[in-house]
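One chain, chain A, links the two complexes that follow: it is found with chain B in the first and with chain C in the second.
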Partner chain A sequence: MQMATISRWTLAYFGCALVALVAALALLVSGFGFPSDGLAAPRTLIVVHLLAIGWLTLLMLGALFQFLPVLVGRELAHARLTPLALVLVVSGLLFLLSGFAGLDGWDGFASEMLPVGGLLLISGFGVAAFVLFATLLRAETLPLPAAFVAVALMSVLVTALIGETLAGALAGLVGGEFSVALVTHGVSLHAGFGLGGWLTLAAMGVSYRLVSMFLIAPERKGAWPMLVFGSAFVALAGLCMALGLLLALNTSLPIVLVVAGIAAAVTVVAYLGDIAVLYRARRRKAVELHMLSALGAFGMLALGAVMLGFGLWQGTEAAIGAAVYVLVLGWLSGLGLAMLYKIIPFLTWLECFAPVMGRKPTPRVQDLVAEGRARIWFGVYFAAIVVGALALLAEMPLATRAAMGLQLVSVLFLIGQFYRARRLIDLPSPWQGQERPRLFLPAREPRRFI
Partner chain B sequence: MSFPPTMELEADIRAALRTVIDPELGHNIVDLGLIYDIEIRRDGVVEVIMTTTTRFCPATGFIREAVEACVSAVPGVKEVNVELTYDPPWGAERMSPEIARRF
Partner chain C sequence: MSDALELDVRPILRNGGEPFGAIMAAVNSLAPGQSFKLFATFKPVPLFRVMETKGFGYEASPLEDGDWQVVFTPVGEAERAALSSPENPDSWGDPTHYLDCTDLDAPQPMVEILGRLETMDEGHVLFALLGREPVFLFPELQARGHAWVGDFDETGDAYRLMVRVGVRK
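Up next, the complex of A and B:
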């Protein structure tokens, strides 16, 4: 019987992702990017890509390398390529950010770095998608959570291709009417495929399995989760049609985007309904902190979706910016931080204690964390998102930065908790002498864990 | 050569397996209902049929190895074969009443 294995590079992905999150929040707190600059300003684009690629995409890829094998019941294919994907994505991101700095007029940086960064990113995402698709193809059947991941992987590739074309236009390598149409209509498609098709669908797919697993709740099957997948598929088809129109006719057809928006709203409502059923049907009465914090993230998805509808109807930068802020930092980042609070101790436990299980007493995964300390900071994080969103809507930049400052402090504290889990600091005394694992690099001697 | 009575040996094996915990749920694998069957042959060969709470969980291989190591160490056991099955899949109703209450 095939079994899932430990992904050796997942913690390195998480480490890079957390560095990018801290850097992005520190920039926002210092007044760099939106709302101090416009939504499409190069400085805002630096922060947005630091969050979308540096933080969320690296986090998601690291998580998928570990959990896609769990979803499909097969080992990760071509696992040796995962560090290559990391190097390509990180170097591509650095070039991309340098290109935006060039657009902003920084000395020593040129906008021509944008397409170079885009090419490296396409290569990195291509390698990652190859590994993950090859793993999906090993599956005898494709469970619904894995189908979400498959569609999400296609979306990340489309996102990267649109992004590279945009980079070419911004660097002056693509001109004419197409360039104008692309910059006018293509940015929203780029964001839709990236935040919706890639990050949100992948998060939904993985969360279906993780929520069910952590709460000991029966997996969702039948018409309702199919509605989630089907409506998401319609929304993405709408985006694809809009992209086709843009490429063929240099134009946009708003009705297509309206249909995609309605389908996306149905997806969110149906998905949150499913999550509510999973929580209600759980056999595990005591909810651990990561699943409690995930509730905050699910709430942010509902809030962000409503705000995005309102923002698009209003058409103001403040309303759209506030909605994207809630979706990126509340929903996706909140869920990511909540899951890291469980995944990091779990991987640490597997590395340190699983090999001796059955030979000597082992602690529980939960023994690697001290929930009391982290609980308040998850609360502060989500409260700061709500305050920050209100401040953005009210166009109060100082209050916005103060809220982002609170977010930064809570993220730093949570990273401190991840560090304590990796260093086995909170373990009860019987296990205090245990050899500590490396912080985020893989074990020195590669081991097969099956 | 004499072996302990089968029932006594099974009780010893179950007691030994109670030292193996499911790392995520924090309870021992016997009371969680993860051990489906223990068959003891007269020659001291033990067949264990077991499952895990989540199919394809990364801890699965380790838990199986732990069961193997743990049962092998029980006096009277000559050989252990551990079979992993998901038919039927584990459900919370398989837990012992005491664990279910604390869950």
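Up next, the complex of A and C:
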């Protein structure tokens, strides 16, 4: 049956993700991890994985469980497995972080926890990928955004497999020349597959549809979006080739990575061009706050890509760290927060008002939020990213932490807004008596159909 | 009810002409409830289907010289609606309500469509044009006992949806 219903566990994923984001920012503000520690230091790895897995991956998986059925017009396959994937990923992450703590020499933690966490993560991602691929296979045709998601899902599995091998090497389970080569060359591949292949491609695919949907702009078709997909594919193929070389010969061939880098740059430029066309072709002239904030995230993608190119060319830790900071907290996190600002009220609205649509007056989705208040904090968030990046480049740790502090405050405020939307606090008075949905536990049993 | 409108297309046919345009012009000029009597040199079977979709029943009788007389009578809206079956969209009548939701953002199209359906009687059909496939609407249509068919147009830019109102619950 061609239909989509509310994904029952999506808000639980979002809840866990936001907790991880707050924890990671709080650690950064307290001077834990980069730039106080090195880019590859265990404490930095704790923050990075808290952000990449705890925040961004859980956010993306929760969103995909809800969004992929909308994209392909089919119900989510094996939806019962989604809480299992959540438990596996969260417990895997906790083991992984404990392993890094062990690597850092904390009492009671051992680096052997790394591969255990890795195995749990692989099984969690495996379950999630199974659910999503099975849903994709139900589709009659594969729209381009879904193709991005398919490639992204393969990337998350590759990322986890490389990560597990790295974990084995760091825990001392894999030795010899291979482990040296892996730690020397494998980390950038792990990061490339994770931040590029998985998170960025999934975000691009999802945003193609969401941006055209929210702005009421005709969907992008033809050669241009195919160029985005094609060049992303070439970049990933380059990473795969580099991985193959590493596994077979314990070596790295820089030219392959240069080609992958150029293809990735083409992807970003072509994608941003597409997004610009969508904004210009919109039939809805007024831009709501979530789409305005998304502009900030797209700007951060452009800035972060330029900075990453510069950083890799320079080879300095500060420049690379600043670029990754802009890409992770500006582009991916900024886009995530902007989309949550629309998705949470939308799902809440559906849950509360779908049964009475057309029978009683219903509020608008925008009535669940107070844009005026949130507008300032989205502004603060993106401004803090720019300040933080400059401070990282200038190697001014205190200024960096102050900027991250501002980010933490704005994130906490936005979470407060999500809470208000969920609790229906900002709804106009005619609907104040409306029964409230659960905060983030699964929605009550979906309506049974005869 | 006013008298039947008569049209004799035999001269056109005998001259090798194509009478369809003249027939449609006559049909479109009918007053509500008015019948339509057609004379032709053969039994115009293809026309029966066309007229059925326009809400006309027919009665065809042969004349002495091999010609045919067909009387098309409009079927009452209520009668037609009750005759149509939810499972067979071919049996549904012409839409009586139209909505263009292409410029509305989600979930407004759902609100408009479900609101309009509440005002319609069982068996009546709503035609709605949307910017995309309304996947969240379908569970609601199902829960309320409506039947629907839909597809994208040739360009893939607009989704065409027909909903037949089900039994009030």
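By definition in this document, the second predicted complex is superposed on the first by the 443 of 450 C-alpha atoms of A that agree within 3 Å, B and C clash if a C-alpha of one lies under 4 Å from a C-alpha of the other, contacts with A are read in each partner's own complex, and residues count from 1 in each chain.
Operating definition for what follows: a residue touches a chain if its C-beta (ideal position, glycine included) is under 8 Å from a C-beta of that chain, and two chains touch if they have at least 3 such contacts.
Only a predicted model underlies this, so the values are computations on that prediction, with no experimental measurement involved.
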Does chain B (first) or chain C (second) touch A:Leu137, or do both, or does neither? neither
Tell me the contact category for A:Lys285 with respect to chain B and chain C: first, second, both or neither. first
Have a look at where A:Gln66 lands relative to chain B and chain C in the superposition and call it first, second, both or neither. first
With the two structures laid over each other on chain A, which partner does A:Thr5 touch: chain B (first), chain C (second), both, or neither? both
Touch check for A:Ile376: first (chain B), second (chain C), both, or neither? neither
With the two complexes superposed on chain A, say which partner A:Val87 touches: chain B (first), chain C (second), both, or neither. neither
In the overlaid three-chain picture, which partner chain does A:Leu249 touch, first (chain B) or second (chain C), both, or neither? neither
Residues of chain A that sit at the chain B interface in one complex and at the chain C interface in the other, please. 1-5, 69-70, 73, 213-214, 216, 283-284, 346, 349-350, 354-355, 357-359, 362, 364-365, 449
Enumerate the contact residues on chain B facing chain A in the complex. 19-21, 23-26, 53-63, 65-70, 84, 92, 103
So in the complex, the part of chain C that touches chain A is made up of which residues? 103-108, 110-111, 113-118, 131-133, 135-136, 138-140, 142-143, 156-157
Within their complex, state which residues of chain A touch chain C. 1-5, 69-70, 73, 213-214, 216, 218-219, 221, 283-284, 346, 349-350, 354-355, 357-359, 362, 364-365, 447, 449
Quick check: in the complex, which residue numbers of chain A touch chain B? 1-6, 66, 69-73, 213-214, 216, 283-286, 346, 349-350, 353-355, 357-359, 361-362, 364-366, 449-450
